[in-house]
Structure formats: C-alpha cells, structure tokens
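Presented below are the structures under discussion, each in the form of structure tokens.
Consider the two complexes below, in which chain A is the common component and chain B and chain C are the respective partners.
Now for the complex of A and B:
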C-alpha cells in the first residue's frame, strides 16, 4: 500500500483509489471540484439525509494532490416498522483538489455534521472551505503552524525533525557502531544465530 | 516507635505525620488515554487501591495529593496539565503511568509530548503499555515508601 515509508508505485503515477477493490455495500463516485456543490445538492434533494464523514487524503505525486472524501447515507423515508427500514444506501464521493488552490465550497448548510469535519480537514490538510461559518483549527493548538497530515510534513514535528531517534539493537545498528548490551545483546545474538 | 510504660506509644512527630500522609494518598484523575482504563481497574475489588489508602479519586486538584498521569500527553494538553499541577496543594506527588507519559511511548511524532516530565516533576515512573494494575499498585507503594522516608514534597520532606 502506498505510504511514506515505501517508494510510491510507478513513481506515483498510478491513482491509488483506482487500485482498491470495490466495496460490497457502497457506491463509489468521483466528481470534479467544479461540479461538487451541484452534485451534493442533488444528492441532498434525493434524500441522502446523513453525511457520515468527510475526510481527505494526500497523494503528493499525483495531480490533483488531495482527494476529499464524502461518505453519505440514505435512509428510507418514513419507515414505520423495522422491515421498512431495510438497509440504508451508502455512497462514497471522491473529489480531487489541486495543491495550489486548495479550496472547496462548504456543505455545512446541507449537512450540519460537516461543520467539525471540515474544520478537521482544514486543520490537518490546509484545504479551505468557502462559506464555512467557523473555519479554525480543531485538533492542533490554535497557534500551530503547518498542516500535519500532509505527506511533506515532518512526522516528528518541525522542532524534532533533525534530532536523533532512539537507537535499537539491530544488525544494521551494530554495523554503524552502536553496541548493544545485556538483554538486547542476547536478543541480537539469537537473531544472528537464526540467520 | 516504642511502647512506653503503661499505655503510651512514643514516636517522633514526623514519623507519625509521614505515616499518616502515606496512608491516605488521594489520587487525582488525570486519565488521558488507554492507561486510564487500567487505572480504573485498579479501583475495582480485584486490585483495590482503596486498601492502600487511596479511597477516593478526586476530580478537583485542590483536594488531591497524587496526580497519576495515565496516557499520552498531547501538545495541546501539556499547558493544561501544568496548570492543574500548579493548582494542587502541597504536598503533592506525581506518578507517570505507562510508556507514553514516561517518554512518549510508541508515539514519536509531532502531536505527543515525549514524556510528561518535560512539563511537571515526576516521582515514580511506571513502565508498560499499559502497565498491569499490579504495576500501578507497585508504583503507589513506591510513593508511599518515598513519603515515609521523607522524600520530596511537603513540609516534612528532608531537604
């Protein structure tokens, strides 16, 4: 799976969402950023009453860079018995957002649950939602600089990016000249014996 | 302490006072994450922290003696922990419970403070992820020994 630790597949040219197998209980749909608002209004009018979640993903070697993901749920209207409720329909809507102009229209007026979810996406990815009533950081401290879930953000934070990480006893470490001792030495000797 | 003639028990004031302090250490709930679950289980009848004197876990720092920092300390939470610690009255002690509170644990990242001892002074570190309730009880016992020997904290501490 693509991650920061392994080199991206085919130099990042492959679109990761298209690699994933289809989901049994949800339709996956991709929509353009320009068409997004209209499509969501259509869906809202059709009876998609719940926005379950709103998230984003960062694919740094792909254009558009970000994917904003909407999870919608359609409950059957006016169900009076358990049998009438049935199985709600689920929809996953993906929308590509460019790195340079990371803006999207807000959906808080359609689904109030988008309020904090959009704040989270803004906080962690830096995607601005136009028309949001209260767009500010929600998880990081309000004085924080930077958007931590972007792939180019240092994992350990900008302050500790270049400080040394704790050394563990591995064969490679021993070659680099960090000798283990005690229990870790015993574990290393066992590791050597097995190989 | 010694039994004097008749029905008198002779002892030094500071010994009795430290014995009293160590026998009723009231913890403050600073349950931040998963370690809090183990801290909760230390209050159940199987492990029973109440028999060591920690009869009640106080929510107010003004009424607590011991802050058990159990769980990951986020960057956002660090100034709050400092403030709560400052609001506790002397004598006060701190247990850093679990790997995350002691050193950042498995979370070597931007969001987690690498050890609560960068924010407040810690008396006892309890390792584990999470520590077993026995481990936390051992930590409480160490705090009690620490108090009885006149450790840091309070007017009866040896300087």
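Now for the complex of A and C:
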C-alpha cells in the first residue's frame, strides 16, 4: 500500500512503556538524564558486564520526547558452563531526553561496545552523546540531513527526495496532490527558470 | 534541523607521522562481499588501527516495519539476516506474542515446528559461512559440499512456505498451515544424510595443515574482551563463555530438548570454526528429537480470531469468520500498548527485538539488537597488531551478515 506520508499515530498512546502489561522480560528502571551517568557507573561497578543494546524511541506527543533505552546483562566472563551462566540478570534502563537540546553523556568509556550504538542513535534520532570519541553518522551517508527514525520524518514523499529530481519524476506525487517542499521545491523552481 | 555530521573520513592514502599510512580495503574487496569498507592504518604489513565503515546496505528496515501492519512487518524483518531468515521472524513473532499476551496459548505443535526451522536455518547459515569462509582462504571445494547440504534445507523451506530464501512461514500465533505432505520424508532424508556430510566437511578441514596454519592463533579474542565488546554467539563461546540464549532464556520449549552448548577456550579463528561445526551437530541432535515430536498431530495456529484469520473453509459457512478474515486482511490486528524485549539465539548470536506498541495496528518502534553489528565492531579490538592478510580470516570468522549490520 504505497503512501506518500507517514500514517498518523494510530493508537494514540502517548507513553506506551508506562502502560505495559506485566511481562517478565527484564528488570526495568527509569532514570533522569541528569542522573544517568552516575547510575550507569554504579551499575558497571556492580558487575553489569555487558551493554547488550542501546537504542532509542521517539514519542513526539510526550515530554521528554525521546527515550534512550539501555539493555544490560550481568554475564561473568568466567562462566565456563551452562550451569555457571544460569539465567543472567537483565536490566532495562530508560532515560528520557528533551527534544530541544537532545544530549546525553557517553558510555563508551564504560562499555566499548556503546561506540557504534551511540553513533547509530545519533545518526537516526539526532541525540548527541557528549564525550563520544568519534560521533559521526554510521548508517546514513555523511552528507545526509535529518534523522530518519524520528516520527516526524516522512517515509516517502517529495521532502524525502535525496537529490532534486526532474519534474516528470514527480508526476505521481503531483497526481496524489502532494505539494513539493524543501529542497525539491527550490530545485523545481530553478529548473523551470532555466527551461 | 541542521546537519550534525562531521567531515567524512577520506580513504585516500595519506602518510602520517612515522611509517604508518592509511589504506582503504573494500567495499570492492572480495572478502568484504561488497558491503564493508575497512579504513586501515598500517605499518608495513601490520595493522595499527582499523575503522570499519558500514551502512552500504542500509535500507531502513526498521522505519519500513514501523509503517506496516504487525503481520506485514514480519516480511521485511525476515530480510535482515538473509542467511537465517527464520531466526529473525521467530524473534519478532515471539516478541509480538508477548505483547499480545498469547505466549502460553500457542499450540505445542507450532512450537515444535518453530524449533525445527530455527535449527534448520542454523545449519543452513553455518553452511554458507563455512563455504564462503573457505573460499576467502582459497579452499574452493568445501563450498560445494556445504552448499549442497544447504540446498536440501532450502528445499524444505520451499515445501513449507513456498519460497526458498524467505519463506515467511512462521506467523504471530503459530505457523502458516501445517507441514505439507511429503515434508517429513524429505526431513528424514536430510537427517540421515547429515552425519556423512559433516564427516566430509570435517575431513576436508579439521586436520588440514593449510587451514590450521591460516586459523590457529589468528584473530584472538579473550573472554573479557568479548564480553566488553558485546560479542555473542559462537564467537563468544569460542572464548569459553557458555552463554546461549536457548539455555539462558529458553523459548519455544528449548528447555525440553537435549543438546550441549559447545565451547572452546582458545578464542581464535580455529576455535570459532570448531564451535560452529559442533553447533551444526547439536542442531542435528535437536532435529532428531523434533522429528519424533512431529508424529503427534495437532493445530498449528492459535484459535483466536482477533489474531489469526479463521480457516479458509469456514469463510463460506460463517458470517463471523468472514468478518474476522476481512478485518485481519484489511486493517490488521491491534496490539495492546507496551514495550518488550525478546531475544533468540540466531546463528550469529543474541538477536533481540525491542518492540513498542502504542495500541495500534502497526508496531510503533522496532529496535533490533543485531548480533552481527556488535560482533563486527569487535574487529577494532581483534585486528590491531595482526597482519593485513589475516584480516580476511578475521572478518570471515566473525561471520557478519550485512543485511543485519546495516538494516
């Protein structure tokens, strides 16, 4: 079903993680951005050896707008058998980030594996990690503008054209009644001027 | 929103202080399979530093999935790790079922079929890894032995789901129909053929002095480094840590199967090779147990018209069934709001999904924890101080799949 715009947020739940049914998948904790660094240092010292994953989610109707999600695992490098590993503890740390100045301290010095994960969150959500040794885009091209996994970033449409296309290529959009915008509009006007 | 990215790293050859220089390897290098670039800082033949450049295969699967129905999203998710499609869909399906609260109501035969495909796909994926890894090392014949075995598994996938590579056979709530007639006979033939083929593969490589020269003591990774760099799967178990999601956080009834978690302690490329071969044999062991359980007939889809479309036969007879069918096809089903993390043991390691539902008919957020991404990142720790020639072995032994790294 091709659509030119991101569908509206269907369910209308503003803060889904707060409504979750009782699922025993991990211990869940929520921290403020100001306390995040201290809490992570504490957890690292307590033997949470693995930063399983670091991701983010965007809730535009909520303040703070973003959730950065840390999944931690307590796995001992000395566990040599299945019995010794057992069922390691899992912890999910959610940290709200304000939209205006989306910044968090880095964790690359505690868990080196956070390096690429933080780059990805920066690339796709535009959240800056202070103190990261090499904060560059990782998935998108280095010259890309915008952060694709934000909910206000459209899935398709003229505003999403990577490079301005000639007018005929936009015929389907014109038929769909989608007005060109942004760079594409400027490029179209320039093209008309020339011809 | 201004662009926040810094200057791109140019892979031109630049001389630095001392004797080191910067060299770009890939994305056209054959061992990087067209989608990975390594920016190397080298001194003579020695690698001083390595900076992998990924994203060549980025297709926005997470964004696409967030704009599809819950059931449609599965089709793109299956294409992330394209060598082990069923691992992806299994993990996604399990996570969605947890949010729906129907985990306990999945028919047991469906769970057995899921284990069957999870293990088949593990063998198939390891076959591709073994074949291509050996081609990178210059041993061509292994490829044919491994791919022949994989072909039998693809045949089984085609039987069940209709497509060789991405059958999309598992569904939220069970499986898409029971196994077709003649499937079990083919499965029996595969189970019978497997030990001989494994003996061939072992015979070709395990005691082969050239293979040993290229892999023993190469690409070393210690257990503490592996844990710090978030390495999972066979690469972690080759360092001695016996962490396997199937045992640590069992799903689909894995706790009721007998199998070992093979480990090695050397942490080099040869240890990873041995762990993967043993994993294939353990998968074969699980398949034998699955085969016995498949003799018991039963339903393979949950009996809940809000999630699973009613059987096709009932549509002509029941108005209710017709309405449910129409609703599920035209607007999908709704999933209660909440978030969940679910992981499975994919052939590459811990594959996880962090799903958020806002109560709508589309997943609100699909965050993947791709094992390949983290395993590949560890190359920064592994490759330092090694020879350039051994980089090919290093990449091969980590077994990254770029559909999953870049998504």
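Here is the rule we go by: the second predicted complex is superposed on the first by the 132 of 195 C-alpha atoms of A that agree within 3 Å, B and C clash if a C-alpha of one lies under 4 Å from a C-alpha of the other, contacts with A are read in each partner's own complex, and residues count from 1 in each chain.
As a working rule, a residue touches a chain if its C-beta (ideal position, glycine included) is under 8 Å from a C-beta of that chain, and two chains touch if they have at least 3 such contacts.
Owing to the predicted nature of the structure, the values given are computational and were not obtained by experimental measurement.
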Determine, for the superposed model, which of the two partners chain B and chain C contacts more residues of chain A.
C
Who does A:155 touch here: chain B (first), chain C (second), both, or neither?
both
Scan A:193 for contacts with chain B and chain C and give back first, second, both or neither.
neither
Find the residues of chain A that appear in the contact set with chain B and again in the contact set with chain C.
139-141, 144, 148, 155
List of chain A residues in touch with chain B within their complex:
139-141, 144, 148, 153-158, 160, 165-166
Given the complex with chain A, which residues does chain C contribute to the contact?
1-9, 54-55, 58, 60, 62-64, 67, 98-99, 101, 223-224, 226-230, 239-244, 247-249, 261, 263, 265, 334, 336-342, 350, 352, 354, 356-362, 364-365, 367, 369, 373-374, 377-378, 380-381, 406-407
Per the touch rule above, chain A residues touching chain C in the complex are 3, 6-7, 9-13, 16-17, 19-21, 23, 25-26, 49-53, 55-58, 69, 71, 75-82, 84-88, 90, 92, 111-113, 115-116, 122-123, 126, 128, 135-149, 155
Could you please specify the touching residues of chain B with respect to chain A in the complex?
75-76, 108-111, 114
